[in-house]
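Each of the two complexes below includes chain A, the first together with chain B, the second together with chain C.
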Partner chain A sequence: MLFTSWAFLLFLAVLVPLYYLVPKRVQWIVLLLADAVFVGFAGVRGAVYMVVTIVTVYAAARGFDALFRRQRETVAAMKATHTKEERKKARLGFEKKRRAVLILCLCVNVGILFVLKYGAAIGRLSAAWLHTPAFGADLTLTMGISFYTFSSIGYLLDVYRETIPAEKNPFRLALFVSFFPLLVQGPISRFDLLGRQLNAPHSFSGERFLSGALRIAWGYWKKLIVADRLLVAVKALCARPAVYRGDFVFVEMLLYAACLYADFTGGIDITIGIGEWFGVTVEENFFRPYFSKSISEYWRRWHITLGEWFKRYVYYPLSVSKPMRTLSQKSRRLGVGVSRRLPVYLATLLVWALTGAWHGSNWTFLVWGVLNGVVILLSEEMKPLYARFHARFPGLTNGACYRGFTVIRTILLLSSLRLLDCYATVKEAFSAFFSMFTTWNWGAVFRGGIQSLGLSWADYGAAFAGVLCMFALSMAQRKGPIRKRILSHGTVCSVCVLLLLIGTILVFGRYGFGFDAGQFIYNRF
Partner chain B sequence: MEALLEILKELHPETDFETEEALVDRGVLVSFDIVMLITRIEEEFDVVIPAKDITPEHFNSAKALYALIEQLQEQDD
Partner chain C sequence: MKRTVLKIGGVLLACILLFGALFAITRLLMPKYRETSVEGSLTAEYYRDTTPHDVLFIGDCEVFSNFSPVTLWNEYGIPSYIRGSAQQLVWHSYYLLEDALQTETPKVVVYNVLALKYGEPQSEAYNRMTLDGMRWGKAKTGAIKAGMTEGEDFMSYVFPLLRFHARWSELGSEDFAYWFKAGEPVSFNGYLLRTEVRPATETPLPPVLKDPHLPETSMAWLEKTAALCKENGIDLVLIKSPSIEPYWYPEWDADVAAFAEAHGLWYVNMIEQNDAIGIDMQTDTCDMGQHLNVYGAEKLSRWFGSELKTRYALADRRGDEALDAAYRTLTERYETEKLRLTEGN
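The block that comes next holds the complex of A and B.
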C-alpha cells in the first residue's frame, strides 16, 4: 500500500476516527491491527520475516533481563561468603551467556537482512566466477525490512547494555517493530523514544490533528509536485549514460539533489504527520541538510536517525573495542598522532563502507560509502591547513559570501558522490563525472536536450517553482518551526494554508489515472 | 579536572569548556572528536570508557565528563 495511493488515504480515513472512538486502553491494539493490515497488503513473505524478528528479539531481550536479575541475586548471595575475584568470575559467566544470546539473535536478524539484500548478487557472482548454477534470483527485500531490522537491533542492544528494560508484552514490542508509517522509509526509531509513546493512551486534539495534516500535506506537496516530476528526467538521464554526458551530467546532479530531497523529506513529513495524528512524536530525520558547510556536517543533518544508529551501535563500540585499543597501542612506535588517529580512522572507513552496503548490493553503493568516509577523513586532515588559511585571511569566514561558497561546495561534492547512486556501474558513474570536465555542451542541453527527458517546459517550471518554495520555507524555518507560526494565527488561517497546499497538489501534482505516483526512493533500500 | 580541561583545549582551543553545557548538542564535539577524546582520557586517567557510556549526557560538559571519569575510577577500585 503506497503512501501515494487512494487505498492508503482510505485506510487512514477509517483508522484515525476508529483510534479515537475505541476505549483508550485498546488504542494500541487498534494500531497493531492496522500494522498487520498494512504489512499483510505487502505480502505474506514480509510478514513472516517480521514475525521472526519480533519473536527472536523479544525472547533475547527477556533473556537478558532474566540473566541480569540472576546475576544480581547470585553476586549478592556470594558477597558474604566469596572473595571479590570469585564474584567477578561469576559476573563474567553471566556476561558470556548474555553475549551468546546476543550473537545468536543478531545472526538470525542480520542474516535474514543479509540474505535478502545480497543473496541475488552473491548468486550472480557465484555463477560468473565459480560457474555454479545461478541462485537467489527470487530473493528480494520485503517492505521496510532494512528499517525495522535496524530499529529492532537498536532495541536489543539497548536492553543488552541495560540502558532500557525489556518490554514484557510481546505484542507491545510488535507494535514498535511494525508501526506502519515507519515501514516505508524510516526513520529508524528507538524504543525508548517511540515504543512507550505508541503504547500510551492518547486523547484527540484538534490542533494536533491540524498540525499533522499540514505536515502530511506538505510532504505530499513535495513528493507529487517536485520529486515525482524530476525523477522522470533523472531516470531518463541515467538510462543513457553514453548519450547524456558533459553538461547533462551537471544538470542531472542538480535535478537529483532536488528530487531526492523532495522525495525523502516529503516521505518523512508524511510519516511524522501521521504519527501526530496518533499522538506520537516521531524523530526528525532532517535538519535543513542543504545548508551544511561541510560533508560531515551534512551527514549530521541528513538521514539523522541512520547516522545516529551507526554511531551508537557500530562506530563507538568499534572505536573503543579491545582490538582497536591493541592496534592503537601497537602503532605507538609510528608516532602518537598515528596511534591516536588509527582507531577513529579505521572505524570511520568501516562504518561508511557498512552505510554504503546498507543501501544495496551494488558495488556503486560500497564505493559511494567508502568515498564519503575518505572525504570526511581528508577534511579532518586538512583542518590545520584551513586554520592557517583563515589565520592569514581573518574575517573571511564571517562573510555571507564565504558561507554561501561552503554551502554550494558541499552540495556539489555530495551530488558528485551521488552519481554512484544514479548509474548501474561504478565505471559509468566515474565516466559521467569526468565527462563534465571534458565535454562542454550547454548548447545541446538547452537546444531541445532537456525537453527530450520526458518533461515539458511547464513541468520544469512547476518543479522549479516547487524547489524555490522549498528553499524559501527552509530559510523561514531558521526563525523557528513554521507550522507553529501558522497555527498561532488560529484555526481559520491554518485551514486556509492546508486547503492551499491541497489545492496546489490537485492542480500541479503528478497523480491520477494514467499516471503511477511512484514509490519513495528510499523504500528500495 | 585541570588535566581534562587541558585535553579538551587541545581539541578545540576556541571553546570555553568551563562554561559550555551543550558540547554535543551544539555540535562542538562531534563523533570524531569524542573518539579522539576517549583515547586521550584513557591514556591520562587510566580508565576504560565503555561504549554504553558514550552518550551526549556524559559528553555535553567538562563537568559531566569528569563525573563519568571519577565514577569509572571508583568502579575499578
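The block that comes next holds the complex of A and C.
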C-alpha cells in the first residue's frame, strides 16, 4: 500500500476516526490491527519475517529480564555464604548466558536482513567467481525490514544494557515493531521514545489533527511536485552514463540532491504527520541538512535516526571494546596521537562501511559509505590547518559569504559522493564524476539536452518553483517551526494554508494516469 | 460561542472557496475537444438535443462519420441521432444505449459491428473521450467499470482534475474560450461533417487472424445489447458500415450473421452493398477508404433510410412542428458548415 495510493488514503480515512471512536484502552489494539492490514497488503512473506523478529526479540528481551532477576536473587542469596570472587563468578555466568541469548537473537534477525539484502548479490558473485549455479535471485527485501530490524535490535540492546525494562506484552512490542507509517522509510525509532507513546491512550485534538494534516500535505507536496518530477530526469541521466557526461553529470548531481531531499523528507513529513494524528510524536529525521557547513555536520542533520542508531549501538560500543582498547595500547609506541586516533578512526570507517552496506548490496553503497568516512576523517585531520587559516584571515572567514561557500562546498561534496547512488557500478560513477573535468560540453544541457530527459520546460519550472519554496521554508524555519507559527494564526488561517497545499498538489503534482507516483527512494534500502 | 461559530464559518468558507476554485480549475484543465480530437465532444452533445429520435445509431467512428441524420430527416422524415465516438467499444455502446433509454425509446437501434473485434479495453484516451461527456448515473458507472485500461482508476472519472491536472502546461486559447461556455455543437445530431476527398488508392492486405472468431466478451455484450432492445421493444439492426480499412474478415461477418439469424435480427454488411448504395471510394471517402466524407455519408443515408422505412415502417415525422423547427435549424447549420468546409478545401 503506497503512501501515494488511493487505498492508503482510504485506509487512513477509516482508521483515524475509528481510533478515536473506540474506548481508549483498546486504541493500541486498533493500531496493531491496522499494522497487520498494512503489512498484509505488502505480502505474507514480509509478515512472516516480521513475526519472527517480534517473537525472537520479545523472547530474548524477556529472557534478559528473567536472567537479571535470577542473577540478583542468586547474588543476594550468596552474599552471606559466598566470597566476593564466587559471587563475581556467578554474575559472570549469568552475563555469559545473556550474551549467548543476545548473540542468538542478533544472528536470527541480522541473518534474515543479511540474507534478504545480500543473498541475491552473493548468489551472483558465487556464480561469477566460483562458477556455482546462481542462487538467491528471488530474495528481495520485504517492506520496512531494514527499518524495523534496526528498531528491534535497538530495543533488544537497550533491554540487554538495562537501559529500559523489557515489554511484558508481546502485542505491545509488536505494535512498536510494526507501526505502519515507519515501515515505508523510517525513521528508525527507539522503544523508550515511541513504544510507550503508541501504547498510551490518546484523546482527539483538533489542533493536533490540523498540525498533522499540514505536515502530511507538505510531505505530499514535496514528493509529488518536486521529487517525482525531478526523478524522471535523474533516471534518464543515470540510464545512459555513456551519453550524459560532463555538465550533464553536474546537473544530475544537483537534480538528485533536490530530488532525494524532497523525496526522503517528504516521506518523513507524511510519517510524522500520521503519527500526530494518532497522538504520537515520531522522531525528527532531518534538521535542515543542506545548511550544513561540513559533511560531518550534514550527517548529524540528515537521516538523524540512522546516524544515532549506529552511534549508539555500533560506534560507541566498538570504540570502547576490548579489541580496540588492546589496539590502542599496542599502538602507543607509534605515538600518543596515533594510539588515540586509531580505534576512533577504525570504528568510524567500520561504521561508515556498515552504513553504506545498510543501503544495499551493490558495491557502490559500500564505496559510498567508506568515502564518507574518509572525508569525515580527513576533515578532522585538517582541522588544525583550517584553524591556522581562520586565524590568519579572520575577516575572510567570518562573513556570510564564507558561510555560503562552506554550505555550497558541502552540498557539492555530498552530491559528488551521491553519484555512487545513481549509477549501477563504481566504475560508472567515478567515470561520470571525472567526466565533469574532462568532457567540456558546458552549455549542452541548455542547448536542448535538458529537454531530452522526459521533462518539459514547464516541468522544470514547476520543480524549480518547488525547490525555491522548500528553500524559503527552510530559511523561515530558522526562526522556529513554521507549523507552530501558522497554527498560532488561528484555525481559519491554518485551514487556508492546508487547502492551498492540497490545491497546488492536485494541479501541479505528478500523479494519476501516465505518471509513476511510486514508492519513496529510501524504501528500497 | 461566537468565536466557535466564526471559526466554523471561516473554515466552511475556506472549503467552499477551495471547492469553487477546484471546480473552476477542473473546467479549465479538461480537454475541450473543439479544434482537435473533436470526437471527444460527441458524447456530451447528445444531451443538448431534446427532440425525440426514432432511430438511434450506436457504434464507433464508422457511425459518426458515415451517417447523416440531416439527410435521413430531409429525405424520409426520420428523426435520428448518432451515439458514437472514437473507438467506442461494445460495453461503451451498451451503456450509452442504456443511458439514452433513460430519456427516450427509439423505434430502431442501428448498431455498427466493427468494434466487436475488440474484446479488451484499448486506449485510455479513447475511454476518456467516450465517457467524460456522459451524464452521471448507473450507466456511466457501469461503462467506466467495464472497460478501464491498466492504470486508470474510477476516482479520476469522478474528479477529472486527477486525470487532467497535468494539462496546466499545455493550455491553449480554446481552453479559455470554452472554459464556462459550451459553444456551438461540433456535430449534426452526432454526425461529424467532413468534406475532404482522399481517394482510396489500394486495398491493403489484411493480416492473418490468430483467432478467426470475434471475442466471446464482445459477443456477450452484443447479447446484452440485444436483450436490452428486446426488453424495451426496440428493433435492433446490425450493420457493418462501408469501409476498406480496417479489414472486415469474412469469419467475423459469419459470426455476426449467425448471431443475427439466431436472434431474428436484420444484419447488413454494407461493404457488399457499395454498388447498390453508389459509394465510390475515389470520391466518397475522406481518408482513403476508412471513413466516408459528407458526399458518401449522404448517399449511404439515402439508401439506408429507404431500407429502414421499408423494413420497419417508420413514419414520416415531417409536419411535426417541434421537429420541423429543430431540423430546420440543424439543416441550416449543416449546409452552412458544408459550404464553409467545401470552400476551405
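Things to note:
Keep this in mind: the second predicted complex is superposed on the first by the 524 of 525 C-alpha atoms of A that agree within 3 Å, B and C clash if a C-alpha of one lies under 4 Å from a C-alpha of the other, contacts with A are read in each partner's own complex, and residues count from 1 in each chain.
What we mean here is this: a contact is a pair of C-beta atoms (placed from the backbone, for glycine too) under 8 Å apart; a residue touches a chain by one contact, two chains touch by 3 or more.
Keep in mind that what you see is a predicted model, and the values were worked out from it rather than measured.
Chain B and chain C, once both complexes are superposed via chain A, fit side by side.
By the touch criterion defined above, A:380 reaches chain B but does not reach chain C. Shared-chain residue A:490: touches chain C; no touch with chain B. In the superposition on chain A, A:92 makes contact with neither chain B nor chain C. By the document's definition of touching, of the two partners only chain B reaches A:340; chain C does not.
Touch criterion met: A:6 reaches chain C, while chain B stays clear of it. The superposed model places chain B and chain C at 160 degrees from each other around the C-alpha centre of chain A, with the value given to the nearest 10. When both complexes are overlaid on chain A, the residue A:320 reaches chain B alone and has no touch with chain C. Once the two complexes are laid over each other on the shared chain, residue contacts for A:472 go to neither chain B nor chain C. Between chain B and chain C, the shortest distance over C-alpha atoms in the superposed arrangement works out to 40 Å.
Interface residues of chain B facing chain A in the complex, by the touch rule stated above, are 27, 30-32, 34-36, 38-40, 42, 48-52, 54. Note for the complex: chain A touches chain B at residues 161-163, 296-297, 300, 311, 315-317, 319-321, 325, 328, 340-341, 343-344, 347-348, 376, 380.
Only residues 6, 456, 458-459, 462, 490-492, 495-496, 499, 502-503, 506-515 of chain A touch chain C when the two sit together in their complex.
Residues 7, 10-11, 14-15, 17-18, 21-22, 25, 29, 124, 151-153, 155-156, 161-163, 165-166, 168-170 of chain C are the ones that touch chain A when the two sit in their complex.
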